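Chain lettering (A, B, C and D) follows the sequence in which the chains are written, and residue indices restart at 1 in each chain.
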Amino acid sequence: MKLRKYALAVSLAAMGLSFTLTAPVHAQAKGKQAQEQFFPVLVYRTGAYAPNGTPWANGFVDYIKLVNAKGGINGVTATFEECETGYATDRSVECYERLKNKGGGATAFQSLSTGATFALTEKAPVDKIPLITAGYGRSESANGAVFTWNFPLLGTYWVGADVLIQHLAKKEGGFDKLKGKKIALVYHDSPYGKEPIALLQERAKMHGFDLSLLPVAHPGVEQKATWLQVRQNRPDYVLLWGWGVMNSTALREAQATGYPREKMYGIWWAGAEPDVKDVGEAAKGYNALTLQHGVELNAKVTKDVLALVHGKGQGTGPKDEVGSVLYMRGLISAMLGIEGVKQAQERYGKGKTMTGEQVRWGLENLDLTQQKLDGLGFAGVMRPVSTSCLDHMGSSWVRVHTWNGSKWEFSSDWYQADEKIIRPMVMHASLKYAEEKKITPRTPEQCKQ
Amino acid sequence: MIYRENGQFKTSYAADQQIFPILQDRWAILGILVFAFVAVPLLADEYLFRAILIPFLILSLAALGVNLLVGYCGQITLGAGAFMAVGAYAAYNFFVRVDDMPLLAALLLGGATSAAVGVVFGVPSLRVRGLYLAVATLAAQFFWDWAFLRIKWFTNDSSSGSVSVSNLSAFGWDLESPTDVYLFCLLILVVFALLAKNMTRGAIGRQWMAIRDMDVAAEVIGIRPMYAKLSAFAVSSFFLGVAGGLWGFVHLGAWEPAAFSLDRSFQLLFMVIIGGLGSIMGSFFGAAFIVILPIFLNQMLPWLGDLVGVSISTAGVSHAEIMIFGALIVFFLIVEPHGIARLWSTAKEKLRLWPFPH
Amino acid sequence: MARQIGEVILDLQNVSLSFGGVNALIDISFDVREHEVRAIIGPNGAGKSSMLNVINGVYRPQAGEIILRGEHFRQMNPYKAASAGIARTFQNIALFKGMSVLDNIMTGRSLKMKANIFQQAFRTGVAKREELEHRAKVEEIIDFLEIQHIRKTPVGRLPYGLQKRVDLARALAMEPQILLLDEPMAGMNIEEKQDMSRFILDVNDQMGTTIVLIEHDMGVVMDISDRVVVLDYGKKIGDGSPDEVRGNPEVISAYLGASH
Amino acid sequence: MGFFLEVLIGGLMTGMLYSLVALGFVLIFKASGVFNFAQGAMVLFAALAMARFSEWIPGWLGIANPVVANILAFIIAAFIMFLVAWLIERLVLRHLVNQEGATLLMATLGIAYFIDGLGQTVFGSDIYKIDVGMPKEPVMVLQDVFAGGLLINKEDFIAALVAALLVAALALFFQKTSTGRALRAVADDHQAAQSIGIPLNRIWVIVWTVAGIVALVAGIIWGSKMGVQFSLVTVALRALPVVILGGLTSVPGAIIGGLIIGVGEKMSEVYLGPLVGGGIEIWFAYMLALVFLLFRPQGLFGEKIIDRV
């Protein structure tokens, strides 16, 4: 017993020491050489959402490796450090604080979590670090006049919801045909899942369809009651707004209650391999949006990664994952950050390390033309994106893809969100935010500075 | 100086009833306060403040609240996170709905709301005990998780259900820099710790402990279990509510109910059990242990890996982190089931007798 | 002797108590006079502790009445009993293990402490003064029971005899009019028993407290009590002065038939 | 009417699975007085072991037959659960005898963390498959009785059947075997059991192993339903109201409680949920249990607590 007490005392002392040690450990990375551009990577490779977080993180990191293999960002080496958040907001904040000053200052943060995005939105302006939330985050942050540091590039949840309704209208043969239709939204009961509701309600008012909301509690493993309700109401379509295990469970429950998977449409976070591969044949016919890209096994960038990263044994994850949906999402997210830096270098000096503020300018003036995208190896993967000081989203190109039982296949043409609907909503919500926060929105003149 | 109370004779009961009757303790506390208020702001960097010290202070406050209920009054709760959430959302509503509401007032009103809710959810404790009560408190946890997601009024009709605050200031003091936020939290914590200490060494504290140790006997000597238990729930929830408000307002800035999930409740219970049930000091030890250890492991493991030339993947680090964390908790409970505070007092007793052990 | 035995202060009439079909007390009536020492005796399982539990409301009898200073109660509850000036000690020592001797005794003052929770939290003048006044009172009891040396010790660390004394001290801190003692001398050696007897008599004598006592040691009972009730299997089989009870044939047979 | 029955049946079948997890809690609490919060982690760990070994075995041994692979994997997983039980007894329980309930509860939470980490380290943190050949497509029955018929999910039905069989087998084990009787003796009184020569430590290992195997079966059922991944640990949280409703020490309580909670939960979500925006089933289950507790603090079949002074 006595020995134990000593062991305890020693471990306690170690605890105390740890407190002092934590500082030096994290200080070590400080003061690196210039000509390095540091990318913090918030990931979740563990916990309930790991199956989805992992491929995203692998794609993100692989792209940084690819850039370096190709000579860096105009000669500047891209460095990175991962920090595990477990999809928890407080750990994300800790990671943010840990990484924001590392490696000469963080370039931009990408949290891959709506909850963390909300928290970091309050912190990023203070630290002057851009926050890229490609395909997630808060929809109203597309208004760059208010959300100076947020970049919901490529699309927000309102875009997703809008396109889904457009697609359904097209299926039915026109918006007027939606009248009287029943559409159910099965959503993750969190800010993430609730984001589209505002837009769907707006659209329901416009077209006279009947929207029913069916929340599913985190993490979404128990959905029997939800699907019993679906069975009772027999909606014409089910929109699925899930993440992680919730998606595959929804598909299984749909099967168990006999709801046709062809009538189910997921957001782009509910349309990747982990959501369907385990359900297999039973998910056949299920549709989901794609945030521009889908599965891109034949894209040049995919081949580049295989050759220059995996080929040299530098691959982050398994080889067969390269090109899959979430992997590509991570890869594109990283690319957007890198391109922001590149754009900033155009103005502030090529081959130099950019500060957060400079990167923000770069992200605000992104102009990824088709030609540039082709050069980067993204031909066929995505369409041109260009941002401005007032528009932090850039573009809203979306397609639908369908699971054929063994792989995803595109099943629609390109869509764009209806600006007439989205813009007023973005303005309304962002100005309300500005009022609460006593932010004066930037004017176009201020943008020119 | 040698830690000894010999020769320090008390000539009045008043002197004997000071918070810290022993002279050396008074010096030590003074020293700690000076260190916390003066030295830390000079020494710590932003990371230490924002990622470690501020969460530590706020969670210490919450742990203090849990300890009053669990450690002093003996009512196990697994719903502490819910009361933090109630405090945070109530404070938010007072803050945004009432014009010119001062921050501190909003936080205290949040605490008061949480106290009222705590009393309601404390009612089952009059009938149900022990583990049954613990599980029953989960009802509060899940109910409030749901309520803040579903009832739009609580979130000021925000479309996503997430809320945020900024431009905080108290008494004309802008809470911008990490040092300011740290000092603000520290100040609140010190005041609340003092209040907690006063209550626990006063009549109400004795009533709580009496209920904890032997409720039938307590009733027989004229302590009303209802008053004692519900007051413990109220005070505990008040502390938790203020802590929740701080967590939302100054630590996260923007939050959703998941910030106060069941994991938070478990975390707080861990703090008081590892730190020491029925010990104010223990709440701080526990909070330090639980806040710092995972972060430390998370940063230490890759560093250790580098030393021996192994690079550990992020996933590997986090898995190792939770394994070590879990194992250490079990280890601590086995070696010292009464928590770090007991170890501390044993050490003090040894010191008191040193260098003559008998 | 200064004390004067007075009127009936506590009167139990036809009390019956059962637990799930098992009868613990059957139609019991007896009274207690002010300032007297009243003993309840009987073999194990006779229902003695249940009797005390009925008086101070821990158990609720199914039938009968409790008349306290002329006021009729169907049942008591512990808080009502405590407010009415009834204190008790416990057979198996029900001290608050996690607290010091001083704090244990201070809890006995709970009913008399009036500062509210805010005054206590901020330790305002009222709360501070009150704490000091009651501390002084408690110190008197500590002196009276000669436990000064252990006042800061956690009760869990005390030997059995001292714990019993602390239990008594806590009850005395309530300044009760009626003190119920449940086997105050069980498990003590001769010397400790003598001390305890002295304390009980002193309490009765100096403070005028009425005492209801359960005790196994017949010698002690006969020495210190004024009147004795005898219970057996939940029934009353004798009542009267020690001498009367001693001569009661039913009592003798109960005791001979029992383990004694 | 048809729909009402579907909800009822759905609730009963979910409830049966809750019973199975609740049974794990009850077994351990009965024998060792530990409220085992690691039950969820054990479900995940067992399911991970099962899924991974059934995936690996064909490669290692060259056995193509999935039935054989599954059986082997089941045996290995059961053995692993025995090892877990043995280690928990050795390293934890044995050192924590006579500690308070709250301390033990926290220790099991510590164990849960450890097992979570270990499971993911050894077996990975992706989604894995358990394929024991459960039918997935629903069937319609009684079409001529109700309009639209009655939709029955065969998978749930089989799962409920397996759960019921397991519960029956355990009941037999407790009633008829000498080990079972010893277990009950331990549950009634630790010291008495020890004094008549029942080795407490061995009993604990047995009980934890049995609870581990119960967790394994629960893990297989849930895992085959929705894939084996981390979220399985939350299944235990859904089963907690069952335990307090049924009483911590009662096997029949776990079963009846599971059915009540399962039905109450689904009914509330389907019929009350739409009125308040949905998503109420979790807290409704807890509230149901709580309200129930107010009338019967010891649970449905728990032993009544009498204060003795």
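Assume contacts are C-beta pairs under 8 Å (C-beta built on N, C-alpha and C of every residue); 3 or more make two chains touch, one makes a residue touch a chain.
If you're wondering where the values come from, they're calculated on a predicted model, not measured in any experiment.
Novice: Could you find the chain whose CA centre sits the greatest distance from that of chain C?
Specialist: A
Novice: Between B-D and B-C, flag the pair that has more C-beta pairs in contact.
Specialist: Result: the pair with more contacts is B-D.
Novice: In angstrom, rounded to a whole number, how far apart do the mean CA points of chain A and chain C lie?
Specialist: Here the centre of chain C sits 72 Å away from the centre of chain A.
Novice: Averaging only over C-alpha atoms, locate the centres of chain B and chain D and give their separation in whole Å.
Specialist: Using C-alpha averages as centres, the distance is 33 Å.
Novice: Between chain B and chain C, what's the gap in Å when you average each chain's C-alpha atoms?
Specialist: The separation of the two C-alpha centroids amounts to 41 Å.
Novice: List the centre-to-centre spacing of chain C and chain D in whole Å, with centres computed as mean CA coordinates.
Specialist: Once rounded, the distance between the two centres reads 49 Å.
Novice: Would you please write down the residue numbers of chain C that are in contact with two or more other chains?
Specialist: Counting only residues that touch two or more other chains, chain C contributes 58, 90, 94.
Novice: Tell me, which residues of chain A touch at least two other chains?
Specialist: 45-46, 50, 54, 189, 215, 217
Novice: Going by the touch rule set out above, which residues of chain B reach two or more other chains?
Specialist: In chain B, 146, 149-150, 216-217, 220, 315, 318-319, 322, 328, 334 touch at least two other chains.
Novice: Using the touch rule from the top, collect the residues of chain B that touch chain C in their complex.
Specialist: It is residues 13-14, 17, 195, 198-199, 202-204, 206-207, 209-210, 212-214, 216-224, 231, 235, 278 of chain B that touch chain C.
Novice: Can you name the residues of chain A that touch chain B in the complex?
Specialist: Residues in contact with chain B: 4-5, 7-9, 11-12, 15, 18-19, 21-23, 25-27, 43, 45-46, 50, 54, 57, 82-84, 86, 88-90, 93-94, 97-98, 101, 114-115, 118-119, 121-123, 126, 138-139, 189-192, 194-195, 197-198, 215, 217-218, 429, 436-438.
Novice: Spell out the residues on chain A that touch chain D in their complex, using ranges where they run on.
Specialist: 45-48, 50-51, 54, 189, 212-217, 219-222, 224-226, 228-229, 231-232, 244-245, 248-249, 252, 255-258, 274, 278, 282
Novice: Chain B touches which residues of chain C in the complex?
Specialist: Result: residues 56, 58, 78-79, 81-83, 87-88, 90, 94-99, 103, 106-111, 113, 115, 117, 120-123, 127-128, 130-132, 135-136, 139, 170-171, 174 of chain C touch chain B.
Novice: Contact residues on chain D for chain A in the complex?
Specialist: 3, 6-7, 10, 14, 120, 125-127, 129, 136-138, 151, 153, 155-156, 222, 225-227, 229-232, 234-235, 238, 265-266, 269-270, 273-274, 277-279, 281-282
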